[in-house]
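Structure, as structure tokens:
Order as written gives the chain letters A, B, C and D; numbering starts at 1 within each chain.
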Amino acid sequence: MSGDGLSFPTSLGTSTAEEIRLLGRDLTTELMGRVGFGELAFWLLSTRRPTPAETRVFEAVLVALADHGFTPTAIATRLTYLSAPDSLQGALAAGLLGGGSRFLGVTEDCGVFLHAVLEAQEGPLPTDDDGWDALALEAVRATRAAGRLVPGLGHPVHKVRDPRTAVLVRIAEEEGLRGPHLRLFEAVGRVHEQVLGRRLPLNGAGVCGAALADLGLPVEMLRGVALLARAAGLLGHIAEERRRPIGMDAYLAVDRNATYVDPDGQESPG
Amino acid sequence: MSGDGLSFPTSLGTSTAEEIRLLGRDLTTELMGRVGFGELAFWLLSTRRPTPAETRVFEAVLVALADHGFTPTAIATRLTYLSAPDSLQGALAAGLLGGGSRFLGVTEDCGVFLHAVLEAQEGPLPTDDDGWDALALEAVRATRAAGRLVPGLGHPVHKVRDPRTAVLVRIAEEEGLRGPHLRLFEAVGRVHEQVLGRRLPLNGAGVCGAALADLGLPVEMLRGVALLARAAGLLGHIAEERRRPIGMDAYLAVDRNATYVDPDGQESPG
Amino acid sequence: MSGDGLSFPTSLGTSTAEEIRLLGRDLTTELMGRVGFGELAFWLLSTRRPTPAETRVFEAVLVALADHGFTPTAIATRLTYLSAPDSLQGALAAGLLGGGSRFLGVTEDCGVFLHAVLEAQEGPLPTDDDGWDALALEAVRATRAAGRLVPGLGHPVHKVRDPRTAVLVRIAEEEGLRGPHLRLFEAVGRVHEQVLGRRLPLNGAGVCGAALADLGLPVEMLRGVALLARAAGLLGHIAEERRRPIGMDAYLAVDRNATYVDPDGQESPG
Amino acid sequence: MSGDGLSFPTSLGTSTAEEIRLLGRDLTTELMGRVGFGELAFWLLSTRRPTPAETRVFEAVLVALADHGFTPTAIATRLTYLSAPDSLQGALAAGLLGGGSRFLGVTEDCGVFLHAVLEAQEGPLPTDDDGWDALALEAVRATRAAGRLVPGLGHPVHKVRDPRTAVLVRIAEEEGLRGPHLRLFEAVGRVHEQVLGRRLPLNGAGVCGAALADLGLPVEMLRGVALLARAAGLLGHIAEERRRPIGMDAYLAVDRNATYVDPDGQESPG
């Protein structure tokens, strides 16, 4: 320890000349070749080794969130790689920086929302669908009354039904991990029409947030799970940009159709 | 297709109202719950589904590279999270941006080096250790003569032996994937002393590069594998920073010991 | 225009083979050599060319915010440059990513706070100190009642008086630009003790926000001004890191004092 | 100083309870309101206060490089802001990350190239155009023979003449700062056709690198100057994205024209 009295505690990686430890285990004899990457990521986030059932649900979420094609984040990564091919890390980082409130934040927002409803609940949780529906109805009403959106509802492409939702619920059920967050989320899907006046699908990002919250991960870290998944997808985009580039065409699709507009609003040919 | 004639081809994610496809598979019926996250990441990088043997080696590498404690990148992530706790993606990106030539680049450098030696080889590859040693000796000599460093040798902490090296070679051997890049790397470990005049350990980052190259991943993407691994580790640091913060102390350890120096070089009390 | 009917309007840069335009001016004949960089930055943010008086206040703010030594953001930049010296842009970006709510957000928060108070004000604005004090008192009380902090008060180092505050007010006064945001901010400085029970200095980041809001810049962009100023400071840190590096020592100050802690809380020697 | 014996020297910002110093000056009495932002940025990069003549050339370069409309970096910033509007710093950082070798690196590459030629020169520098032409011819030939590109030649839009080049040379001449780097660059413009077999314009990014090198800035930091200039431009894009967004259209221009391609190469409708 330093003369400042400063010490820096950690439960993650430490090493000596002979040994590398991670999460209190010997990296080479206990982890490498014995622990999957998704399993380790869960462990790093929670300091708790997941069960095989938890790992399967967690990896299903990572797979669901890894890539959605030409999202704004994927295009940002491609354009950055076009401009600075010498810095793969910069292209990856640029894409991840789009992982904010709008396109990639629903997973966390949904987990936080469901968690808050459950935390505020006094007494035992519901034991049947009617009970969950009543709780969901109250939560949707309160959210609406506060002028906020209920996270996890609606999707620009999957307007009727998001195919990920039922599948993830089924996988969680198979693994005995369809817990209160998923139950409440499903109930939101059944009751929201009564309050909002129209039927919206439960979206994939939202169901992922519910499933992750049921795994006991800290809800403030759920955006991190989405970012990890997306990191794999963005690396796929960089690899593809190397094989069959589209970055230049994406740039030209905008630049060639630029139009100059006076600051006070008149258009003129670009 | 647009009137510009522009089209944007991809083999990654696409979707319609009813279906989401990824890598040419149905995301929900063929991938979620059936494919691990490491497996998917390999597939995204190479557009080829890895075998279980390949997945095990690939995940062993990801586990090996995920976290090394308070590296410069981990500290950068912690300090950025301290400054901007509202943007988890920014803290993650800041750490990944350190994934460049010096601390995280050895994996790629080593894969590229070994790959270039093998590509330049005319005729069949060696079939025994003597043959590999001769090839390695020639490569180390040529690298030294060109004034460049042989990547994958030496480590600031593991000065005699990096415990990851033998373990990863063993895992590859178990899976039938101890290929030419690993063989050549091992030979470099045996012969470099003849040229460099001192014995250095084959380091963990280097052996990871060799193993990944043997899996047939494009060597220009190996830094991406290290970044994916590190993303999990950095998320672990952010989660830990939430539970038991050290960012403020890390900042103060520097700031409190700042000393003002005249631009022309004289020190004065800070 | 494309067959998609998409067009991309902008009032910023456009060019033809012979001419480059920016903000509706000819770059080479009207801007280069005739417009200062601070002046152009203001113009880019607001699409309005500032007067010399406005430029002087704006540049005084940029100078005030450019660098504060070994801040968390500066250390993050230094550590990233240490890890990835091949990517200067990555080191700069890593530092800017700390420009969030906590260490660099006060300028924007303060501008937004003052602007909201003034916008909510019905009838004419106060014309003397008593009037400003009454308005400030009401605003501080309402903010306190809502459980929020009044931005721009207090500083960890300048506990009694932040030397930037009076100087920036004086410069604004000299230029005829001591407007309602600054007046209100000064009044907050006079009255907050009545509500909070202790006297705090008006800090430099806060007075910068007030001065920028008085210049008519959109308050949602004030964080951007702080980031631009900090970009210059961070480049200064990178240049200094090249001349006289401290990144390795900053890293070791943490890593050498690492202590392993069991996830459940027991410490053991690192 | 700490018990570790660590101290962190800096010539940039330091502060005490009463005073803030920057570059050895009192921030509030010597810098704020007295020093322009461009002037301060030069000082931070070089630890030397520039003369008014140097400041004018430096700011002319910053103005020249601030924005070029819908560049890949500007589009990346816009798309990131679309995805994560809560993190202005992330959108700015994403754009800066494109400041690498290809679209924003010419300024540094050109400065480095010219500087290396001058440094390698034994004996006095040329005193007339014939002398500069001879030196340039030799340098262009050697670069060509080594299979490298001569930086600063050619432009995708300004195919005959880049309007910035002559203007920046004139401004430097007016200020008595048309030094050896600019002279050599101009000579490259006159002689390269003899070697390359076709006439290319000296581009604006290149002339900026030459002018900055003549100001005595460290050539390894010239990319930083381009990044500072671009930071102002990118903030202009974010401000404009708030007023008149194009990010969603830019994203859709790509996503709507996506086509699925089998990994082995066959196209099918997207």
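Throughout what follows, contacts are C-beta pairs under 8 Å (C-beta built on N, C-alpha and C of every residue); 3 or more make two chains touch, one makes a residue touch a chain.
All figures in this text were calculated on a predicted structure; none of them were measured in a lab.
Q: Could you tell me which chains make contact with chain C and chain D both?
A: Chains touching both chain C and chain D: A, B.
Q: Could you let me know which interface, B-D or A-D, is made of more C-beta pairs in contact?
A: By number of C-beta pairs in contact, A-D is the larger.
Q: From chain B, which chain is the farthest off, judged by mean CA positions?
A: C
Q: Could you tell me the distance, in whole angstrom, between the mean C-alpha positions of chain A and chain B?
A: 24
Q: List the centre-to-centre spacing of chain B and chain D in whole Å, with centres computed as mean CA coordinates.
A: Those two chain centres are 31 Å apart.
Q: Rounded to the nearest whole Å, what is the centre-to-centre distance of chain A and chain D, using the mean of the C-alpha atoms as each centre?
A: 36
Q: For chain B, what residues touch not just one other chain but two or more?
A: 2, 4, 6, 8-11, 14, 47, 69-70, 84, 86-87, 89-90, 93-94, 97-100, 104, 244, 246, 250, 253-258, 261
Q: Under the stated contact criterion, what part of chain B meets chain A in this complex?
A: Its residues touching chain A are 2, 4, 6, 8-20, 22, 27-29, 31-33, 35-38, 40-41, 44-47, 56, 59-60, 62-64, 66-70, 74, 87-90, 92-94, 96-100, 104, 157-161, 163-164, 167-168, 171, 174, 204, 218, 220-221, 223-225, 227-229, 231-233, 235-240, 242, 244, 246, 249-250, 252-253, 256.
Q: For a test of understanding, state which residues of chain B touch chain D in their complex under the given definition.
A: Residue positions touching the partner: 1-2, 6-11, 14, 21, 23-24, 47-48, 84, 86-87, 89-90, 93, 97, 253-263, 267, 270.
Q: Quick check: in the complex, which residue numbers of chain B touch chain C?
A: Listed in rising order, the residues are 2-4, 69-73, 75-76, 79-80, 82-87, 90-91, 93-94, 97-105, 244, 246-247, 250-251, 253-255, 257-258, 261.
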